[in-house]
Amino acid sequence: MSSQTDGPTVTALDQLTTADDGFTVTVEPLPAAAAGCAACPVHSVHNAANLRKLGIDMTDWDFVVALAGNPNVGKSTVFNALTGLRQHTGNWPGKTVTRAEGGFEYGGHRYKLVDLPGTYSLLATSLDEEVARDFILFGQPDVTVVVVDATRLERNLNLVLQVLEITDRVVVALNLMDEARRHRLQIDHRRLARDLGVPVVPTEARRGKGLPELLQAISDVATGRIVTRPHRIKNEPPALKQAIATLTRQIEAAFPGLPNARWVALRLLDGDERIAEAVRLGELGDLSRGSAEERSQSVQSLSAKPEPVP
Amino acid sequence: MSQTAQLTGPLSTGGPAARPSQPAVTPDQILATARSLRWQVGSDYHQALMEAIYTEAARIADRAVTRPGEKPRFDLDRTIDRLVTSRVWGFPLMILLFTLVFWITISGANIPSQLLSNLLIGVVYPWLHRLADLIGLPWWLTGLLIDGVYLSTAWVVSVMLPPMAIFFPLFTLLEDFGYLPRVAFNLDNLFKKAGAHGKQALSLMMGFGCNAAGVVSTRIIDSPRERLIAILTNNFALCNGRWPLQILIATLFLGGLVAAPWAGLIAALSVVGVAVLGVLFSFAASWALSRTVLRGQPSTFSLELPPYRPPRVLQTIYTSLIDRTIIILGRAVMFAVPAGAVIWLTANVHVGGASIAEHLVRLLDPIGLLIGLNSVILVAYIVAIPANEIVIPTILMLTVLVTGMSDVGAGAGVLFELENTEDLMRVFQASGWTLLTAVNLMLFSLLHNPCSTTIYTIYKETGSRKWAAVGALLPLAIGFVVTFLVAQVWRLVAG
Amino acid sequence: MPDPLWALAIGAGLALLLAGLFWPERGLWPRWRRTRELTERVLTEDALKHIHKWEMKGRRPTVESLAGALQVPRDRVAQLLANMEQLGLLTSQGGDLHLTAAGRDAALHIIRAHRLWERYLADQTGYDEADWHGQAERLEHTLPPAEVDALAARLGHPTHDPHGDPIPDSAGRFVAHGGQPLTALPPDTPAQIVHIEDEPEVVYAQLVAEGLYPGMAVRLIELTPQRVRFWANGDEHVLAPLLAANISVVPKPAEAEGKQAVKAAPPAIPLSALRLGEQAEVVGISPRCRGPERRRFMDLGILPGTVVTAELVSPSGDPTAYRIRDALIALRKEQADLIHVAPRPAPAASPNGDRPTVGQEPRPEEAEAPSSP
């Protein structure tokens, strides 16, 4: 994870995706029996203490899954389909103003699903964005599902890339595939998965299509069966790159094992007071400790599991 | 400013940034580095970053998406858009659609409303009374619980539930299809001139169903200033709970002015006139608010027109019932319960030989006269603050109580309604109602504080007591000024 | 029953009374508040600011200049200066006024409060540019240091105020913009405006009216004693040298960011000038667009290089819906004015002015290949 951020600076973008991101995690559904392994040790990574502060009680739940996405991409439909709840979904940008919660059980584990407000970005310009950002950063959900509108991929990837800066544990739900077909778009989701470094599952949430695969992908990432290799943005102007690298190095020195030191640097350079406060109060330290444990745990558990080819 | 820095920060010394190998870095050092680097990266940092992310997003999207062959010649979305925003068809279509929605609501709500009322008030209510007699409840407890709490709650439910249960799903269907953002698009120019957001058209429309729901629906407005404007002026949309009063008074007093064949038309026109007046007030108040109290609130307009999607009818009906109708009804009942008790108590608790209601009526008499209403109406509006639906029955009950009529009514503190228009006129005339009273009552019904459910909702949505107070007092103040002016001018002209 | 005429008269009287008391700016209540604010402390702080400013400019502050800036009689200034000297804020030797270290600290605190507040008004409220200075002038005297720090934190520790002046940090450190007057720029050097002097207000108002803002790319064309001719964001401006000297610029290295240099070249028009069906590439967002609105634009994907197509116009004439990165987004005219675009070769000239004919509009996807017959 951290090797991604302080690796050699590659300037040629083509090189980046072929060599650096030569990762091969595609969603290969495991036999149902293997998935239903209730006896397996649950090695969740979420930050239960922070989640409680954010108003999420994790007693009786194994994993917490955050649902993020642009407004109006059928995020609430995915939420309803996964939880069986009936939250209203409107054809409006930004419908989920308050955070909705639900849950589901899969493969012997209990997952709590939290629907975050629909946002275009996570750079915290609005309250919605702050809510979503804080949840992903401080709550450290076991999986963050980013619902993406297949017909407007470019616009939606903006958010995906930002989420990938904060957390590695991401599954992209490529929703509205039916509309993409109607618009005669062909989307190579395998290629997308390769470029992004995380599982990408095509879905049609309105018709329930693709949901079993989505559940499987969520479970794979949550239980550590899949280890992701998230894409990180590397094409900033040189002047920025220099500043970001300098600051990232310091942050990594102060908080070893922090999974998103680079992102924290990005935010500090933008004058983000919430993040500065987290640095000052040592909240970031909590996050890095949690992640250090997580790493040792997943290494242990991975040795017993089919390991993805690096 | 001079060309040289007066005192230099960590920039000139190189700062801790120059020593990455330093073993332990304290948080303060990190923040200091960040601060000094920020002077270097400059103010267009955010834009540079966004550009980098979007460039990357475009590159990845480009690799994943292929567009084999031609796009279909016929683009349905675009064709619908051309039609519903066309200069010729845009507005007529809009008016047609909304007329249809209101018509279905009004005509469809009558029968279930009647059924509910028959059941809750005609059957259950006497049955409860018998039950109370049977178990020997003291009269005051029977009165408080059954005549007070139960009756007013039943009243609110039977009047409020059916129209909401029809109106909200219809509205939601239009919303899910994607039409409503186009309405906002079409009307935005109008609202812009009043300093408001086009989406306010929709929250206003929703307000015709229920102001509390209208206030909730302002969530779709993402600009803080415009959202506050929409919340504070929603009450000027004549909500469903106020239509029965408008129709009743217009039929009795204004319809009675002309020959029988025209009566219905005149009554209907005057009610529509009041509703239109409400919309005008909403614009005026928006304009004034945006230029005074809310001037400093930040404002960012953005309106995305989402692609059209076929709505799923059954699920929409289900969710809009749960989401809007039940929640709003729940809040209304929550407020109707104490109000029922208060209404009954004011009519039945006697202080110094007269009930509290009578004292209040006497106390408010000068104000009532001054604004061309009467004090019974004012008292009714005070005690019936939880729901506009129970204003008429409360007025009737109080009038009978104050005038001491013996042949109508159901007893002190017991709400009732009269089917017979002659009886109604008799009650009104007994307490000295004139045409002015009727007109001002219609105006005051439009321009007064919102019901407590709405006030509470404003508080919930804005999270501020101040804005809840403004939302409650602004229309009330306008109501007093308008009725006062009408009364004085009326008296001057009529002699 | 009260006589209606009397009632009306009393009502009108009451309304007038309330208006007279509370009318913004001119009512008795606002006036009373203003006079209360003009205390000794306010005068002292304004004097500190004035002296600091003149010192920074390398000019000599005098009793006369102070009397002019504070708009009080000269003897009042003399008395004020005596007080300040006693407080250890300044020294005056033979008419030369110098701030002491304490005086400079105090002045920097006031300046910091002032500029932060302007930044706040610009970024997080809807007040007009014209209101900023006045409000900040008042609030700089009432904000205690703790609140100023809290404000800075809330704004993300901004480094510059909306005019381009640096905001001192809580320890009084700042980095000056380091710009040179526009009049000192060699012709044909690409440069960027870093600061526009906001005093005297008459000059500042003229520069704002010219549409000049910090962050704009400029290039000097001609400099004579009579006039300064220069390009700024694609428009040609002509100013008197006296005015142009109030604009500070830094030369912008063209080599490293060649991309940017190229971008300044194509003639830009506001997005609002785009006709239906026409396509354009975003060149930049006007510096006039700040705070949440600017960020919202960027979040929506409106960035240099983004291709936009004007697609629908509201039947009431105003918002226009643009296709931006596959989404249809309605922008009001004032917003579209803030976005500078370079029109792309039209896929096919829009045949009938503003309104499209249903079904005949060229689709933006096809517009990639200009296949004019």
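Worth a mention:
Should a chain be cited, it is by its letter among A, B and C, assigned in written order, with residues numbered from 1 in that chain.
Heads up, the rule we're going with is that a contact is a pair of C-beta atoms (placed from the backbone, for glycine too) under 8 Å apart; a residue touches a chain by one contact, two chains touch by 3 or more.
It should be emphasised that the depicted structure is a prediction, and the values quoted were computed from it without experimental measurement.
If each chain is drawn as a node and touching chains are joined, the picture has every node linked to every other. Looking at A-B alongside A-C, one finds more C-beta pairs in contact between the chains of A-B. Averaged Cα coordinates give subunit A a centre that lies 39 Å from the centre of subunit C.
Looking at subunit A, one finds that residues 121, 123, 126, 151, 153-155, 158, 237, 239, 270-271, 276 touch two or more other chains. Subunit B has residues 38, 46, 50, 54-55, 67, 71, 304, 306-307 in contact with two or more other chains. Multi-chain contact residues, meaning those touching two or more other chains, occur in subunit C at positions 157, 292, 295-296, 298-301, 325, 327. Residue ranges on subunit C touching subunit B, taken from their complex, read 1-2, 4-5, 7-8, 11, 24, 56-58, 121, 124-127, 157, 159-160, 165-166, 169, 172-180, 195, 215, 285, 291-293, 295-296, 298-301, 303-306, 311-319, 321, 325, 327-332, 335, 355-356, 358-359, 361, 363, 365-366.
Listing the residues of subunit B that touch subunit A in their complex gives 16-17, 20, 22-31, 33-34, 37-38, 40-41, 45-46, 48-50, 52-72, 172, 175-178, 180-181, 219-220, 222, 304, 306-307, 309, 311-312, 315, 318-320, 322-324.
Here subunit C touches subunit A in the complex through residues 153-158, 256-257, 292, 295-296, 298-301, 325-327, going by the rule given at the top.
Across the interface of their complex, subunit C is touched by residues 120-121, 123, 125-126, 151-155, 158, 237-239, 270-273, 276-277 of subunit A. Those residues of subunit A lying in contact with subunit B across their complex are 13, 71-72, 86-95, 97, 121, 123, 126, 151, 153-155, 157-158, 160-162, 179, 183-189, 191-192, 195-196, 206, 231, 233, 235-237, 239-240, 243, 246-247, 249-251, 253-254, 265-266, 268-271, 276, 279-280, 282.
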